[in-house]
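Contents: one structure, followed by commentary.
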């Protein structure tokens, strides 16, 4: 047992160190960080950095925070809904014309190296008239492989007997869905929504491509944008990184049990 | 039940919010807004705001709205926008970047007739206009000549007993040794480096070489307009060899420099770990500040390598404004482009961005170090922008970069032999690319 | 006619799947199709509304490009290493956490492992980038304080690959650990009891009782990890920019570089080839895992 802790504690320390360093880097001046990298407690709490990042690319910091919160929440709600209904339909009737193609196509989208899709996504959104619109961003963010796969696993595990019993009793498909399956799916849905929120928060690529300007940027995108030749402040980057990491970290810590059980429980059913 | 109600409410709110977002905003257009896309960050946005205010005096009812994108994204966006007819009104960037836009869209306006209509333009030389021209089309109106000098930490010079910044390459060698071993920042630790440079991407490394090459009074770092490779000419080879040694055998830069791009290079400079570095006329504003190096540096020309060639400060960039042919408000955009050459616009450019093209501006409000650039009493040479002449230049440069990094990672025993070999390779590559 | 008839009768299912289908097709498949289209055009005209079609020329050029060939081998090698390292670490961590050896703070350890998974990758990698810096980073400062030799960090090819691997493991391993943990939670205790009674040692129990029951998690993790690491991109952009000496220029980053050089046709051809490789390998991984399923 001692051996176990002797291994676990150092590993945990290594995993946690980046966060401590990030936090301290937000408060220490670049000069001090480069002079004494190991020191975690700031020499002084230099809050001047907040002025540095108060406006990025002309848009205010609180705008990025609001965007992150708004887009992530909306995309989570809509995405969870679409994934749930879609997964339900596909597991109930896997052989309907087009369903197998849809499922295969969906899995394919996960496999493509996304970074080259800048111009195609731009063109596609332009043709849909959604360029630069928050709605376009939200809709794009709804796409999430994990959500679909978790729901699929869950619905597959619903015993056929339960559905059969209902249909024999004369219930329509709609009633089966709303009266029987959905109530059962409540816990999974909450879990999927949580996981969806956590993963969607970190997404930067779609937001960056679809935005026409910094007013629709989210925090991770603002972080990337700090990288301009004409003004790159290490402290600012660290401070923004902290701001970007904090909300999902806090949410995760609050809902930990649910997230961890749901993440795995849905994925592995013997 | 409770959960179901909450979820239903959430769903409804979700739809409502989504619908609200999608509803088009109904705003009465009382003002025409011109959009301009650049990559200058917050400074650039401030600059365009100031120009917008000045422009409104001349042209009421027109507002200027600028947006900054990281350079890499600026390309994709502008090209995509122009090609899908959703172009901004104006684009602003370095000349060689606007070239890329023109070659991929062929829809950047020829501004020559526009410029001809401007009477007050004596400050624009033939050289400036030639730089702004690509295949007989004037694709930008030049508005900023960007100077890049070498900078040296004043307090470091004093502490190691040097009375003046280095002028010749011999001076540099002496000063570099002292910066490395003489504890120039006085903190008792051997943690200082003579130079802060960059190397990660092709443009990062070769740009540094450009500065040393042109700064030493030579021209054409890698390839000349006729297509001849220049690196194995005796003087070029000397500069290149010393440049490579700076990174490798002399150990005058932090070892991680091979991974450094400008962000990391700035970190090293602002963190007070390097004695000599590149100073752009836009850096001064920030580096005068107390939270960076507090103005503790002096700008001067790049090192003199050859007694018969004068050293200089390099005009390594020409920034200008271009107008897409399918700009939503073409006539107004052209007017604003012309406006950017007027005194108020240029004054704002000098004060906010550090460079301009006009010679009759008021420099009294600038700091001592900013004035050094603005007065430009030193010798200036202009970079040759090979990308304008050879469409294959980016690919050639990438190959060049690869081999240079290899030479930095494993320094060759004989640099002269290496450079001869490299020149031969580059000739083959250039021949292949120019055919293809 | 039968197909259409079915569609009408089962209309409700089509209705239910509509949002999901719309999202997948419009935002997932369509951009990919557009991108593949670009791979068949000449780079100089690729992004114009009227491009010049060149058939398979870009593919031929890419496949014959030594840079690409080297990058492909490098990517495959890195993926193999990363998958092995991540799964081994995750399995060890899961077994340790599941055993009775860490009663106090067990949940805390799980949280610490999983936190990096939900940390935005950009933020995390920026911190790791500076941690590994030879002159200014905490890693070397710590080694120095402990009297150990310095770690070359991102400055030499071998150590740069290792550093990238470590940073990615920090970010991804928690996820795989979780999958293993869940699988461990549903295993049959009776089988282990029986093995213990039979006198089997810990290693034998692991090999013959626990491991077979972990098959579902192994398959999932193998497929996920393969796809994930074949596409390695953000970490290279933030930490090494492909260097030093191309040691971390994996295919997706090389394609990105070509894109930067305005070689759009070749860049998208490369992406499509990588896409094909990902599909083939993940199918292989899946088949491998499912093979021998009783």
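Remarks
Read from first to last, the chains carry the letters A, B and C; within each, the first residue is number 1.
We take it that a contact is a pair of C-beta atoms (placed from the backbone, for glycine too) under 8 Å apart; a residue touches a chain by one contact, two chains touch by 3 or more.
Keep in mind that what you see is a predicted model, and the values were worked out from it rather than measured.
In terms of which chains touch, the assembly is arranged so that all chains touch all other chains. In terms of C-beta pairs in contact, A-C outnumbers the other of A-C and B-C.
Remark: chain B and chain C have CA centroids separated by 36 Å (rounded to whole angstrom).
Taking the mean of the C-alpha atoms as each chain's centre, chain A and chain C sit 17 Å apart. Counting partner chains per residue, chain C shows two or more touched chains at residues 47, 135-136.
For chain B, residues that reach two or more other chains under the stated contact definition are 79-80, 84, 191, 267-268, 271, 273. Contact of a single residue of chain A with at least two other chains is seen at positions 33-34, 78, 81, 118-119, 123, 224, 234. On chain C, the positions that touch chain B within their shared complex are 44, 46-49, 133-136, 152-157, 160, 239-246, 257, 260-263.
In the complex of the two chains, the chain B residues touching chain A come out as 3-4, 7, 10-11, 13-14, 17-18, 21-22, 39-45, 66-71, 73, 76-77, 79-81, 84, 86, 187, 191, 262-263, 266-268, 270-273, 282, 286, 291-292. Those residues of chain A lying in contact with chain C across their complex are 1, 3-5, 7-8, 11-12, 14-19, 21-22, 25, 33-34, 36-38, 78-79, 81-83, 85-90, 92-93, 96-97, 99, 102, 105-106, 108-121, 123-124, 128, 139-140, 142-143, 148, 173-174, 177, 198-199, 201-202, 204, 206, 219-220, 223-224, 234, 237-238, 240-242, 244-245, 248-249, 252-253, 256, 259-261, 263-265, 267-270. Contact residues of chain A toward chain B in the complex are 29-31, 33-35, 48, 55-58, 70, 74, 77-78, 81, 118-119, 122-123, 126-127, 131, 133-135, 138, 182-183, 186, 189-190, 208, 212-214, 224-225, 227-234. The touching residues of chain C, when paired with chain A in their complex, are 3, 6-7, 10, 12-14, 16-17, 19-21, 23-32, 34-35, 38, 47, 93, 96, 99, 101-102, 107-116, 118-124, 126-128, 130-131, 135-138, 140-142, 145, 170, 175, 178-179, 181-183, 185-186, 216-217, 220, 227, 231, 233, 251-252, 255-256, 259, 264, 267-268, 271, 274-275, 278-279, 282.
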